[in-house]
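First subunit A sits with subunit B, and in the next complex the same chain sits with subunit C.
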Partner chain A sequence: MTAMTLAGVGTDPRRRLKVLASQEALLAIAVIGLAIAVGLNNPRFLAARNLSDVLLGNAYIAVAAVGMSMVIVSGNIDISVGALIGVLATISGTLAVNGAPIVVAWLAALVAGVVVMAFQGVIIAYLRIPAIVVTLGMLSILKGGLISVTGGKWITDLPDSFHLADIELFGLLPFPVFLMILVTILAALWMRYSASGRAIYAVGGNAEAARLCGISQPRTIVMVFALHGLFAGAAALLYATQLRVIQSTVPPNLELTIITASVVGGVSILGGVGTVVGSTFAAVLIAEIASALVFIDVSPYWIRAVQGVLILVTVIADILRRRRMAGA
Partner chain B sequence: MKLGLAAAFLGATLLAGTASAADKRWDGADDLPVNPLACSAGEANAAPAAKLYDGGKPTNAPDKAGKPITLVDVPKLIGIGYFNATSKGMQDAAKALGNVTVKTDGPTEAKIDEQIKFIDNYITSGVDGILFAANDPVAIAPVLKKALSKGIHVVGYDANSTPDAREWFVNQAEFNGIAKAMIDSMAKEAGEDKGFAIVTSTFTTPNQARWIAEMWAYAQKCHPKLKWLETVEAQEDNNLSFNQATTLINKHGDKLAGLFGMTSVATPASAEAVTKAKLCGKIAVVGLATPNAMKPYVNADCVKSVVLWNPVDLGYAATYVMRAVVDGSLKPGATSVEAGKLGKLNVVNGSEILLGSPFVFTKQNIKDFDF
Partner chain C sequence: MSEIPLAQAAKRVIPWWLLRHETMLALILLIALIGLGGMNSRFLTLDNLLNQGRLTTEVGLIALPMTFIIITGGIDLSVGSIVGLCAILLGYSWKTFGFPLPLAIGFSLLVGAAAGFLNGIVITKVKVPPLIMTIATLALYRGLAEGISQARSVRGYPEWFYFVGQENLLGVPAQLWLLLIAIVVSAVVLDRTTFGRTLYAIGNNETAARFSGLPVDRVKLIIYTLSGLMAGLSACVLVSRVTTTRSDMGIGYELDVIAAVVLGGTSIFGGVGTIWGTVVGIAMIQLLKNGLALTGVKGDATIVVIGTVLILSTLVASSLQRRREGV
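For the complex of A and B:
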């Protein structure tokens, strides 16, 4: 309870809960409303196959956005995640083609993700260097390092058993979609009901008050980054195993898409507010918009503009909400 | 939030436009003049306006006509399948010619400064000729000119320099040649009167825009019933290409009988999308790609034609061109050159040798390539 009241945004937790719920509800309505609108234009959009493909092809963004949301809630940001996903995919794929047991290839991505992100967390938390600077540096290191080490050579001939994303649970639920839902629910429950999960809100909402309450800010930040690395590893596995080829380059703009999902999902860029349920809904919405643009014959160039509009609208709404609360 | 969405969509829909007149080029094509090839191989192609030789000339090159020569090949980088293949072609040619020694050496990364150092070292140590594939057409020019000034012959392949920095350039494929191979393959595999869509990088990427324009021109001329449905952009992004191809399949349903992949990223991703949709054999995938990325789909009979050029032939041709230059049988103003088993190759664009029709990888030959 301590953490809740310290979260910094208003002192009435019920009110905050209501506001957050409405953000998620809005996104859910947008997801459904858009599906119906496009479906009226072209009923094929609503085919089960298409809806499942939209989720399947973008689940990795939602999974990465779960970690990103935690990072942003803690008052930080990470712009190295796209490059890291590219690196982790390459590490995992390289192990798999060189005959390492598949489980080892999968675990390596998760472990390396945790190590790299925890390392960044330590620098940010203990050396007190702003996250944007640290992660910008890491972005360059990972991006340059990947091209230097691989020479841009693609990984092909991946063993069939490597393809985690091809698994269908009970013969119908694609593994990436299952993982997206599972990760979102577990992370949401943990952030809401556990002391360590709530500490993230406390640190991001009001660091000084959190410290006075005995919450270790540095330790919380390192924990958040380590977890974020775990989710980045999981996202990298989905990303790497969807196709038969791993490009050995950094996916363009991936970090922006992930950050967009978090922010549009209602995670306040100022820290202290937001849920992973929101970011997952937002990731689904963004993916749905990308598909919808093709269905209604609009150039996919517009996806960037639409994402921009979504970010601005959400951020402005967030600021207005904070002002209103500060005034109330 | 909902308002924002609605506004964005309204704006986007209004701006998207509706024009699709028959003579309008497909989305993603450029506006440059097109020069479609003849529909069948037998017909003569309209000869493009002749262009004067614009290559360079070595200063006081020693006369080694018919005598043994030593060449060095400096590709963009060494150790990758593609340049291993060009290197193999050079060794094949050297063996066939009998009076050529060629060695491949170069940077392990595609870096222009490294490449310049390698070339500079070989100028110092002394060779009769340099074969190169440039990492940068402009930055490589000074060192190549230096080689020419020392009497060393210079021939490029795969990636050109500015024309005056080398004598000849072996061009692996012209835009209209690739376009013909792509459209002919699609018409054969999908059907003459079927609908297809294109997955490209962006509408403004120069090479892709050129290919699409030539494909449009060739289809108008030779396969007018093929029906273009739309072009989507996927940058050079694997997963975006896959998602876009999947969306096209879901959107058009039975109307879609073929997908063109315009990049080596889009083609395997499109093949994966067709495979995942369990539509192999129903939707033909034709595209530019490298063999290794396409082997799973070609071996599974999901993709029949992968269009590219044969890098072994490219290296082979470059070596024959160099021999002909040294022997004096290929001079400025020539219209063709003999290239051993490849036969007579034509001179185009002043100082370029055209390798010939693009190479189509199929289930029968794809296993012989590793790049």
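For the complex of A and C:
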């Protein structure tokens, strides 16, 4: 009987409590709570203009964090993604300025993203080099390569049609926000309900068990990195098209912001646990905090310290929670 | 069983010390030195080499404890940020708190050690993997440096402070003595003390080390604290050399340091490595930078090369190791 009551979904109050206490729900509450708290302090924070700027300007981080979450769930890490986004934005912008069809310029970013990340995935999965070494090396290759090829010049005079981020669906939903929501939902459904999506959790949770279940660990990891590259490409397009210029340098510490979003979103750094819904909420929360700092007269120079504290607290909480669960 | 005869067979053909990673690396280093010297007459001068030693000290000081950490199978990505934080606090405590400079130096060393201690305590007590812990503090410590400095730099230190960074002692750059002492001490500790041998035991099999009664957690706590302390020392040497403090100091140091350690034959999987290897690794990295600069390659392109070297040397080391294990 007790087992049945526990399994009874929806009617059990404990179950409802559990949903409320999930990382996603906590983050959603934090996003709204922070907005209200800062809004009471300074009503201008709640102006539609500011809120939409926060969402628009940071949707690309949420999109990239979806891919990062998959990588972390699979038990790996990637610190090259920030540099890659800078490179992809520059490739796409350069093509557009030099008269390539806009669609080709867009596709180039996606394809290049997949190629670079899949390449890293192959080294990590088949040659069994730790992801941190491969992506740290790739970070410096991309960063140094970009600056020495472009000389840090800005790309200007981009054709108007290049600006994906300007598109508004049905005249009200900005494309970046639409893409952020779409990518999050699709990725969440895929990871939850498809066999290949579940394989990511299996590989990250218990590689040996996954192998015994007939899941190819290397193939899953290469797939995860290839997808991560696709999302990085999409993020790069949003990043490249939201301003009128592209700075041909690597956005500083972008990878840290993306990792923060994934980890704070509830993706366990031990692998095997987490959803992309959480990471998207977390990306919004981080952007909101950055904006809130300005409105409550705190120097924006503190934003990275806040990020560091956020990662630290989430990681420690995650491990302590796991330990309590294992002990119970 | 099959491993023993294989190893003996190899021994008979070539002397064992020639097969060591460090020896091979030193040979490559020697060839590279001669090659670069032939290509550019400015390279193989005592002045240039000593000057390169001066430039490599900051990275070298951090690479020594990093060798310890990687031998245990850990990693510390926050070292560059600790350098930034310590540099900022050195300037800030001197200028804003009005600390006398020696006290400010002590304070920044203490902050470095505390930063490393925080890494170590969370890694050992909460069991957060070192990679994730130090990514978090990479953001945190850099963030603190930026927040405290508010992008303002501090300069105008008293003249005596520049001695370590810019003057010579007995004809050798002053900071090189610091590095030399640190190298000898680390090598002796790693090779000749129980503490040093414990590092290998942890790297080879942490559970076994724990069951053997080795103080695993205490040893780990010490090496992460040491890593922070040396990053603090490196920050002081750096400020003394460049005469200013900025919050972006030390960005990317983790790449140079880890590349040097891994290039020096320390296995990223733990259990294997020597200080001598790291010393050759440091020299190789600096040589690479200098050689590329002299042949007209810009600074940004050199990090491309260092990144490639990091990946390739890990690839080579791991495939060699796999062959040795007969996998």
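What we mean here is this: the second predicted complex is superposed on the first by the 307 of 328 C-alpha atoms of A that agree within 3 Å, B and C clash if a C-alpha of one lies under 4 Å from a C-alpha of the other, contacts with A are read in each partner's own complex, and residues count from 1 in each chain.
One rule holds in what follows: a residue touches a chain if its C-beta (ideal position, glycine included) is under 8 Å from a C-beta of that chain, and two chains touch if they have at least 3 such contacts.
Every value quoted in this text rests on a predicted model; they were computed, and no experiment measured them.
Q: A:Ile32 in the overlay: touching subunit B, subunit C, both, or neither? Say first, second, both or neither.
A: The answer is neither, since A:Ile32 touches no partner chain.
Q: Name the contact category of A:Leu243: first (subunit B only), second (subunit C only), both, or neither.
A: The answer is first: A:Leu243 touches subunit B but not subunit C.
Q: Could you say whether A:Trp302 touches subunit B, subunit C, both of them, or neither, answering first, second, both or neither?
A: In the superposition, A:Trp302 contacts both subunit B and subunit C.
Q: Going by the contact rule set out at the top, does A:Ser148 touch subunit B (first), subunit C (second), both, or neither?
A: Both partners, subunit B and subunit C.
Q: Between subunit B and subunit C, whom does A:Val115 touch in the aligned arrangement: first, second, both, or neither?
A: In the superposition, A:Val115 touches no partner, neither subunit B nor subunit C.
Q: Once the shared chain is lined up, is A:Leu212 touching subunit B (first), subunit C (second), both, or neither of them?
A: After superposition on chain A, A:Leu212 lies in contact with neither partner.
Q: First (subunit B), second (subunit C), both or neither: which does A:Ala195 touch?
A: neither
Q: For subunit A, which residues lie in the overlap of the subunit B contacts and the subunit C contacts?
A: Shared contact residues on subunit A: 148, 299, 301-302, 305-306, 309, 312.
Q: Can you check the complex and tell me which residues of subunit A touch subunit B?
A: Subunit A reaches subunit B through residues 26-27, 29-30, 33-34, 37, 42, 44-45, 47, 49-50, 53, 57-58, 60, 148, 151-154, 156-157, 239, 242-245, 247, 251-252, 287, 289-291, 293-302, 305-306, 309-310, 312-314, 317.
Q: What residues of subunit B sit close enough to touch subunit A in their complex?
A: 1-5, 7-9, 12-13, 16, 77, 79-80, 108-110, 203, 230, 232-233, 235-239, 242-244, 246-248, 250-251, 253, 265, 268-269, 272, 277, 290, 292-293, 295-297
Q: Spell out the residues on subunit C that touch subunit A in their complex, using ranges where they run on.
A: Its residues touching subunit A are 75, 77, 122, 126-129, 131-133, 135-144, 146-147, 149-151, 252, 254-255, 258-259, 262, 268-269, 298, 300-308, 310-311, 314-315, 318-319.
Q: Write out the stretch or stretches of subunit A touching subunit C in their complex.
A: Residues of subunit A touching subunit C: 77, 79, 123, 127-130, 132-134, 136-141, 143-145, 147-148, 253, 256, 259-260, 263, 269-270, 299, 301-309, 311-312, 315-316, 319-320, 323.
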